[in-house]
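Consider the two complexes below, in which chain A is the common component and chain B and chain C are the respective partners.
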Partner chain A sequence: MQNPAIEYDYTVAKWFSYLAILFGILGMGVGVLIAFQLAFPELNYIFGQYSLFSRLRPIHTNVVAYGFTLSGIWATWYYIGQRVLKVSLKESPFLNGLAKVHFWLYFITALLAVVSLLFRVTTSKEYAQFEWPLDILVVIIWVIWGIGIFGLIGLRREKTLYISMWYFIATFLGVAMLYLFNNMAVPTYLVTGMGDPLHSVSMYAGSNDALVQWWFGHNAVAFVFTVPIIAMIYYFLPKESGQPVYSYKLSLLSFWGLMFVYLWAGGHHLIYSTVPDWMQTMGSIFSVILILPSWGSALNMLLTMKGEWGQLKDSPLIKFMVLASTFYMLSTLEGPIQSIKSVNALAHFTDWIPGHVHDGTLGWVGFMIIAAIMHMAPRFFKREIYSKKLLEAQFWLQTTGIVLYFSSMWIAGITQGMMWRAVDQYGNLAYSFIDTVTVLHPYYTLRAIGGLMYFIGLFMWAYNFYKTMTAARQIEKEPQFASPMAA
Partner chain B sequence: MFGWLEKNPFFFAVGVFVVIAFAGLIEIVPDFAQASRPVVGTKPYSVLELAGRQVYIKDSCNACHSQLIRPFKSETDRYGMYSLSGEYAYDRPFLWGSKRTGPDLHRVGNYRTSDWHANHMWDPTSVVPGSIMPAYKHMFTNVTDLETAYAEALTVKKVFNVPYDTDIDGDGKIDVPLGSYEEAKERALKYAMKIAQETKREDLVNMVKEGKIPEIVALIAYLNRLK
Partner chain C sequence: MEIREIQGYLYFFFILFLTFVLYGYIVHLYRSEKKGERDYEKYGKMALDDELTSPPVEPLDVNEDAKDKRSGK
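For the complex of A and B:
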């Protein structure tokens, strides 16, 4: 059946794009501040108790993961979903309305979440800090998105699900399962009728709680920072480059491999802890196996550029995406190395771990979302990208920032780990703990500068996006492949 | 098969779910009963300690401090005996942390005193020159929410059978009494007075005299309990 061009509805995709930019700046701004606090502790007091490191750190992680990244994921979902299923949101007032409810409910919940963390309402579980009323809102938002996905699938004209759809479906299911189980808690007020109504107590205790938390925590990384970002790159890289995906078989292998292997790897957060040894070993082994499906996806993307590497030179968007896959490869090699027991003994609890997290999030997640939104902008607004030069400059500034970030954290982490275990000639510990803190000052400073460079890049991105929306030269019809850019 | 799945979204979704749920079932479920068994001597937290634990959580101390001593000589030399699973039996949530920007605290009660903690939380560099930890002065004026701590103790007693008001070790005495809120409050105040006096800070002692427990006192009760 040959359809006339379908007119897609980008309203909600646009809204989520604005929000991704907003939360990106907010979340990473807080990140830069707390990075500087580690080097210059006086900065802890600029807003009294509300700017203490420990108060801001959960706000940084949550705003970046669940603000910036989720907004980016949904911006691209409301764009890619319609296009690969060949159905417009305009065709279903119900789904279109639901998409708007999705956006607003999410926005309100995100604001409540930030405020609650600022006022010390937290469960302390990493990436699952929200108290139970917010958890319920999150579940409602998730169900709404689920209805949106499967509703659109129900109306689809293209019968075969494109690769990106596999990953969006997996994101929906994976997060639903993980979030529900990890946040199981008993609100104390409902049981006793006294005390703070927001307070709850975890259903699991001690080692069990740790096990569930890191099964969640690691796989929240999988299903927020990996799976949906792969959905993006499988769509935007072939589109922007005009090249077909290199191999269908490789995408199959990587998808099902990733689904099966990823969940096991959570145990690598608990090596040498009090959870059973076999679980730690499983976590370690499966983390190493995880290289296969991860590199499968990344190589599939890089090979998609085969014979077209010239585009890397010409297009900043291709640069962002190719480097994103490269950082994905770096990060998914580094993670398994850190999961090897003897390496983990050194690396665990040190700055090497945040270093690892950030080459993945800044390099892979951040770059992919930036590229995706800039690819969508000319389609949203029927205008060229405002400035190619600015996009190029942003790319180089941010890349340099990431390199400074992870290289300083590598050195910091390994230094710290080595000093913790160093002994003198009599076998006594050679350093007191504070020695291992003060030695890190230069690396903390470098890291903060690297973060600051990335942060400045975000403003260049926001400005370029805004100018694209308002002032760039108009184009007559939607570009098919490479996004048009003014010099 | 895969081509067919890609045309049948429902079965595709079921397939994905089975594949991802599999690992959780095998890794997590079998160990649940065993890992939650307390080691001999481990007792539930008193209401004041629990209140202190809530302060620890509220200010996200776990963002920088671990509570997990790994079984290496370098760690047992520095922090004491390595951690055992059963010691965490009453920890809801667990507070192992994932980063040691500061030192481990799992046995901090063995080697720090109440006045050290008070000085440290008021001005960390006064006792640890070069420390990058910020001061937590609001804990010296905020009043502990004892009611919520009691609510938590009562909840875990009712829902998870945590042995409050029980003779755990069989010596004929109740180990950790809970009782009514009034009883618990009286006990907490007495305990708080002892700690406030140990800190040698008059402002803290005066607050406790007025029946208000500063958050720092509850926090110290919790930290002293970590052994």
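For the complex of A and C:
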């Protein structure tokens, strides 16, 4: 028996959970606003230059990816890490202190990042907009997290690392490599003594810059939106359902399959551009092969529920996670289809692409983080979940929102692609750009409404979490599997 | 042969090599389980039985003594 005084320390996991909720509301609130701006352009000017679409769009993407998602990842890391290694942060004052430094430094950096984007301090590289001083802070935060991961592994009682740990380690290594290489830049002031001290120039130029950028961009999706979310589902779905992973071997080979294939697929962002043709073809081929490891993990999760499908009816948390896994399958089938050269000729630059991104991010990433935090809440606060009904209502509202989002974007994207390509018998373009805008208006409105529904769901989540923390019925001991919830 | 062409070939053969490694790994997993050397499926329990007081699925032998001291055994 262990010393009964030692128990898991959820302090930092809690802090990151609060932050995930905060950044979720901020990032997706901006997302809803810019979605309405696309349908109703006059909304661009509600706060003068600060509410222009071009100013807000990077804030939306960065806050959702590096605010909401990273906070969710770290909330779950500081929870899962201790549990599957069977070691408490309380056992190492150094690692515990470092975890707190990690949180505060991240929080400060995230706020600086939002402010810097609002004041248009940007490198203009998509998803890598932060200027060099922020990049340095990000690297420090990442190194601190790395010390935390490997430090905790060094103290573990469990010899083998559970599959979620592999995915967390891959997130750490993958992002470290991608971030360092893509953000290599020369601060212009330090070299020339002139200009804005915050400004920098990429170390790569032309097509090389594009290649490195999309190797990064695509793998930011891999190592922020996929790999750590798989780490979450491999822990939370078995734990909440009380069922072990359907096949542990399948989880291992899906892991290596994903690592092997994902890093080569970024070329599909540059199809029909100036990069070598064989690179575009390889990008397409690897994207199609990517279906295998992705579906390997997703099917493994669905099969984990084998014989236990009754839980899907009873538990809103199981609903969130099973649908997350299903959206992961949808998204990882859709992406490869879009990267086939002939389909890409139609799909590239159309609204089908944000449609694809959002069924992955809202359905897979968002749902998984929501479910993970609500699973942890009763363990954090030793109280049952405040309202099952509210959680159910949130689930259905957000699911409807996602369906509205991606279905409207499918129709909009394919319509747009067809109209851009349409020519008359002499080869003249049949439509001008504004013709497409007019046709797309209803779909843009529908998309914004779908986004708004998801956004309202976030407030239901935040309220449920807050009430769980403060007012829900107390429980005697930590639940082993299914999270207790009041009707 | 141009450098770009060499890069293309190298890329192709490197991928081929990695594919063999990946398939080799799959064979290794199933073969070592068939021979009874390892039971991979038991690791699934690590998520289910994860209390600080629960016995590890596979304890870490190397510094078990240190752990025992720390936990007051």
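Keep this in mind: the second predicted complex is superposed on the first by the 481 of 487 C-alpha atoms of A that agree within 3 Å, B and C clash if a C-alpha of one lies under 4 Å from a C-alpha of the other, contacts with A are read in each partner's own complex, and residues count from 1 in each chain.
FYI, a contact is a pair of C-beta atoms (placed from the backbone, for glycine too) under 8 Å apart; a residue touches a chain by one contact, two chains touch by 3 or more.
Since the model is a prediction, treat every value here as computed from it, not as a measurement.
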| item | value |
| --- | --- |
| Partner chain in contact with A:153 - chain B first, chain C second, else both or neither | first |
| Contacts of A:194 with chain B and chain C, given as first, second, both or neither | first |
| Touching partner for A:239 - first (chain B), second (chain C), both, neither | second |
| First, second, both or neither for A:54, with chain B first and chain C second | first |
| Touched partner set for A:204, first chain B, second chain C, both or neither | first |
| Partner chain in contact with A:276 - chain B first, chain C second, else both or neither | both |
| Touch count on chain A, higher of chain B and chain C | B |
| Touching partner for A:252 - first (chain B), second (chain C), both, neither | both |
| First, second, both or neither for A:7, with chain B first and chain C second | second |
| Partner chain in contact with A:122 - chain B first, chain C second, else both or neither | first |
| Contacts on chain A seen with chain B and repeated with chain C across the two complexes | 159-160, 252, 256, 260, 264, 276, 282 |
| Residues of chain A defined as touching chain B within the complex | 37-38, 41, 44-45, 48-49, 52-55, 57-58, 120-126, 150, 153, 159-161, 165-166, 169-170, 173-174, 177, 181, 186, 188-189, 191-192, 194-196, 199, 201-202, 204-213, 215, 252, 256, 259-260, 262-264, 266-267, 269, 272-276, 279, 282, 345, 348-351, 353-354, 420-421, 423, 428-429, 433-434, 437-438 |
| List of chain C residues in touch with chain A within their complex | 4, 8, 11, 15, 18, 22, 25-26, 29-30, 33, 40-48, 50-54, 56-61, 67, 70-73 |
| Contacting residues of chain B [partner chain A, same complex] | 2-3, 6-7, 9, 12-13, 16-17, 19-24, 27-28, 31-32, 35-36, 54, 57-64, 66, 68, 70-72, 74-75, 77-78, 83-103, 128-138, 145, 147-152, 154-156, 158-160, 181 |
| Sites on chain A touched by chain C in the complex | 1-4, 6-8, 83-84, 86-88, 91, 156-160, 162-164, 234-235, 238-239, 242, 244-245, 247-249, 252-253, 256-257, 260, 264, 276, 278, 282, 478, 481 |
